[in-house]
Amino acid sequence: MTGYSIQQIATALGTEVLGDGTIIVTGVAEPGQAGPDDLAMAMSAKYAAGLAQGSARAAVIGAGMDWRALGLQAAIVAPRPRIAMAHVTCALDPGPVIAAGIHPSSVIDPTARIGAGAAIGPFVVIGPDVQIGARARIASHVSIAEGARIGDDALILQGARVGARVIIGDRVILQPGCVIGGDGFSFVTPETSQVETTRATLGKADGAVTPQGWTRIHSLGSVRIGDDVEIGANATIDRGTVADTTIGNGTKLDNMVHVGHNCRIGQDCLLCGQVGIAGSVTIGDRVVLGGQTGVADNLEIGSDVVTGASTIILSTVPPGRALLGYPAVRMETQVEMYKALRRLPRLAQTVAALQKAVFKTDKTS
Amino acid sequence: MTGYSIQQIATALGTEVLGDGTIIVTGVAEPGQAGPDDLAMAMSAKYAAGLAQGSARAAVIGAGMDWRALGLQAAIVAPRPRIAMAHVTCALDPGPVIAAGIHPSSVIDPTARIGAGAAIGPFVVIGPDVQIGARARIASHVSIAEGARIGDDALILQGARVGARVIIGDRVILQPGCVIGGDGFSFVTPETSQVETTRATLGKADGAVTPQGWTRIHSLGSVRIGDDVEIGANATIDRGTVADTTIGNGTKLDNMVHVGHNCRIGQDCLLCGQVGIAGSVTIGDRVVLGGQTGVADNLEIGSDVVTGASTIILSTVPPGRALLGYPAVRMETQVEMYKALRRLPRLAQTVAALQKAVFKTDKTS
Amino acid sequence: MTGYSIQQIATALGTEVLGDGTIIVTGVAEPGQAGPDDLAMAMSAKYAAGLAQGSARAAVIGAGMDWRALGLQAAIVAPRPRIAMAHVTCALDPGPVIAAGIHPSSVIDPTARIGAGAAIGPFVVIGPDVQIGARARIASHVSIAEGARIGDDALILQGARVGARVIIGDRVILQPGCVIGGDGFSFVTPETSQVETTRATLGKADGAVTPQGWTRIHSLGSVRIGDDVEIGANATIDRGTVADTTIGNGTKLDNMVHVGHNCRIGQDCLLCGQVGIAGSVTIGDRVVLGGQTGVADNLEIGSDVVTGASTIILSTVPPGRALLGYPAVRMETQVEMYKALRRLPRLAQTVAALQKAVFKTDKTS
């Protein structure tokens, strides 16, 4: 890991050094595990004991903490600790090792155009008419199919799959094993199917079934991903049927997020681990979906919506709404409903007592 | 993309051309984005404005729409729009580029038998005693382990994993990154474990724990997949313990579906995105499980069952049932329960008022 | 498959042979499908009919079953059937075919150290400063990034991804497609974000939004995995921000389990299919999480906790607790709440009748 002076890091954070800015650090550590060349991340008072245990000379500390009393020789005060964490970890991240140039084992179609300064690892396959941006880094075992376009400074990690005609913007990060541009899951029966009847009647038409097989709707569209997007490990984004499935600039998808065919996801969204978006969903900007959130097909989710973990969205959501639960309702409504449910057994007892008093009967409901 | 005349497409759909059947189209598009060589998909009246915006000469339209008034030179009327979509997209899908023959970089065991006309891409590994069917297409980075059999006309996409002795039927599609034949998740403790006690007592026996480790039950069975099956990107199907895990003809699994060891899934089922089926579950024919549906282990799900998104099945389900919720109940029951829950806070207020009136007390429940 | 005598298997199980211990078996089978060289697994009375149908000469049977009456020539009585299954399947598992030595197609950095007797398959990439333990077996298409360490006797299956500086213990099994050491999902906005406000107010502060993008917190930590751990197909474990994400000895993760950055998971846990653990969660020892269980970020789960399928944990859990539901509560409480909810529509009717009787009104709540 390269070393940085405390002064350099403070400058990157847009803040001042307290103490000796010439100290060089080569890594970050939790206060208790920090060695003398580590920058300890001690951004709240609870880390004071850890600092005493470890041997950090320099730390990032929270506002109001006394660096001298903590035994430090240098400190940087971070008014917003996680922003400090972002800048410090960015500066100290060595990044993945992907050797410069094109590894001789890779199979690159002669019609592909590789941007200046791109690095391509072993066993990469790049198909016909692919364009790779300048300085893009592509790790081992990646496949990029015919006609795909990868932007400048993209980082595509081990075994990621990019399908035919997928377009990926600048500075995008694809984590290992993600699949961009698998076929959409779209099948139809010759006659009205059981599942169509069920959806139309909310399940009131059980049982009247004509057995029939599924005919496949092919995916002629592709996937378009904006700039500064990150896609998590083993996540999947399916291609559209006619138009493209799209992901807006700055949106981040966590591991194993699934985005179905024809979805249009806006800018600066966060989709946390294992979120599932069914087909043809439209999502606005800055939407944050908690882990395992599910969204049923053909819905619209407005901008600035936030969901708690495992929220299941079964109907359209206006902008700015905070949701929780299955099915999703306003977060505070869910909390009220849930409290009432916890008190329900007692409520039933009360009603039984009332019933006895009013109707002079022992029958409990 | 190859061109087709409108007459050819109408014939494939088993319907007539309105207008000029000689027009050639080379792709499909949404009405508003369509160019003069695109077939616009405008199967309901809401697309009329789009047709005016775009420059399509030909379109697939819905019953009752007036093609001349829409400004078209040719039209095909689709009585069931999604079936039309299936046929049109099938005709126009260029399919993935996988060069004919066997790529020289592939590692193919000399005991493997490769069918006539099979295409095998770069960096594919095919183990001992594998059989690959005629005209099968295998994209880059796929591995097919010892003794596996792949049917005719199969399409196995990038980085799919086929384990030892797995049997896969004709015309099966494996999307990128799926894993067929990982080991089952099956472990046992020497003495009765905490989790066994919990399941037996529904959690009433908290706390009495003898620490012990897990012994692995190996998977000697494999996986058998019928004809015309599709497996989604990054989906996983585990091998059986003694017998094989099986998937019936015509069943389709979406991305990230998990099928545990020993499951037997029938024909023509649809398992939507992120569905999880625990071990030893039996599922009938034509079952449709909505996205994120979960099924607990050792259950039976009858034929023609349909579940809404994120339904969690914790007990056996008779045929033809439509289910929703956690735990799963009949869809209409769930809707009733849910409505009642939303009214519960008001019900509690009513009971408090009754209590005050009847018992002359201020105490609220 | 190698053959074993019934006597050898009985010895492995620590039990006696009934009948002819010299019979050689080469596989296991369900009773009805068993051939003469198969050991039938018939560990409860329900398998008696199957034994008559098949042609097994030898079987593992349950306590109290009469081997002669079942038509067997040899039998092994298993007091705890699943333990017997573990030992028998272990003995008879041929394991994956991974040829001895290093496949010539693999790309191994000259600074990597490969342990004695290790087997490395085709198209494997091993980066700088990697250490591979003795007798480790690494299947095709695996990548192991710079500075990672793999223990002795590890089994790393097709296409598994091991990130930079990840440490993996002895006898660990990585199923195909799992990703160990993807980057953590950790982003921050310059100013307080909508999602922070929502969490602080439980959604009561809808709407007051300043649009802003996400800044990435890089993952400088790595992942440490103990001995005897198994990681399922397409599962993902993210690296820590500063410290490492850790998995204790003997813990098993099923397919598509997601473990977020900074998590610390104890020993001998079972995390079933599609479980999702958000960032910075601490989990004790011997915890068993049912399939699709979700755990929100920054929580502590005590040792010996057990959850039912799809339980969603939104708050810290003391040791030994059995949980169910969304949100998770004690399993028996959940069952009570659920029963009350099913009776709720009837309760509402009773309250309406009371209201009418007491207040002499027709108004229903």
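Order as written gives the chain letters A, B and C; numbering starts at 1 within each chain.
Here is the rule we go by: contacts are C-beta pairs under 8 Å (C-beta built on N, C-alpha and C of every residue); 3 or more make two chains touch, one makes a residue touch a chain.
Predicted, not measured: the structure shown is a model, and the values here were computed from it.
Novice: Under the over-half criterion for shared residue numbers, do copies subunit A and subunit C use the same patch or different patches to meet?
Specialist: The interface of subunit A with subunit C is built from mostly unshared positions.
Novice: What angle of turn lays subunit B on top of subunit C when you fit their CA atoms, given in steps of 5 degrees?
Specialist: Copies differ by a rotation of 120 degrees.
Novice: In whole angstrom, what separates the CA-based centres of subunit A and subunit C?
Specialist: 23
Novice: Residues of subunit A touching 2+ other chains?
Specialist: 105, 123, 141, 159, 177, 234, 256, 274, 292, 326, 341, 344, 347, 351, 354, 358
Novice: So in the complex, the part of subunit C that touches subunit A is made up of which residues?
Specialist: Within the complex, subunit C contacts subunit A at residues 105, 107, 123, 125, 127-128, 141, 143, 145-146, 159, 161, 163-164, 177, 179, 182-183, 185, 187-188, 190, 193-195, 198, 202-204, 206-207, 209, 211-220, 234, 236, 238, 241-243, 256, 258, 260, 274, 276, 278, 292, 294, 296, 312, 314, 326-327, 329, 336-337, 340-341, 343-344, 346-347, 350-351, 354, 357-358.
Novice: What residues on subunit C touch subunit B, complex-wise?
Specialist: It is residues 27-30, 33, 41, 80, 82-83, 85-87, 89-90, 92-94, 96-97, 103, 105, 121-123, 139-141, 157-159, 173, 175-177, 228, 230, 232-234, 250, 252, 254-256, 268, 270, 272-274, 285-286, 288, 290-292, 303-304, 306, 308-310, 319-326, 330-332, 335, 338, 341-342, 344-345, 347-348, 351, 354-355, 358-359, 365 of subunit C that touch subunit B.
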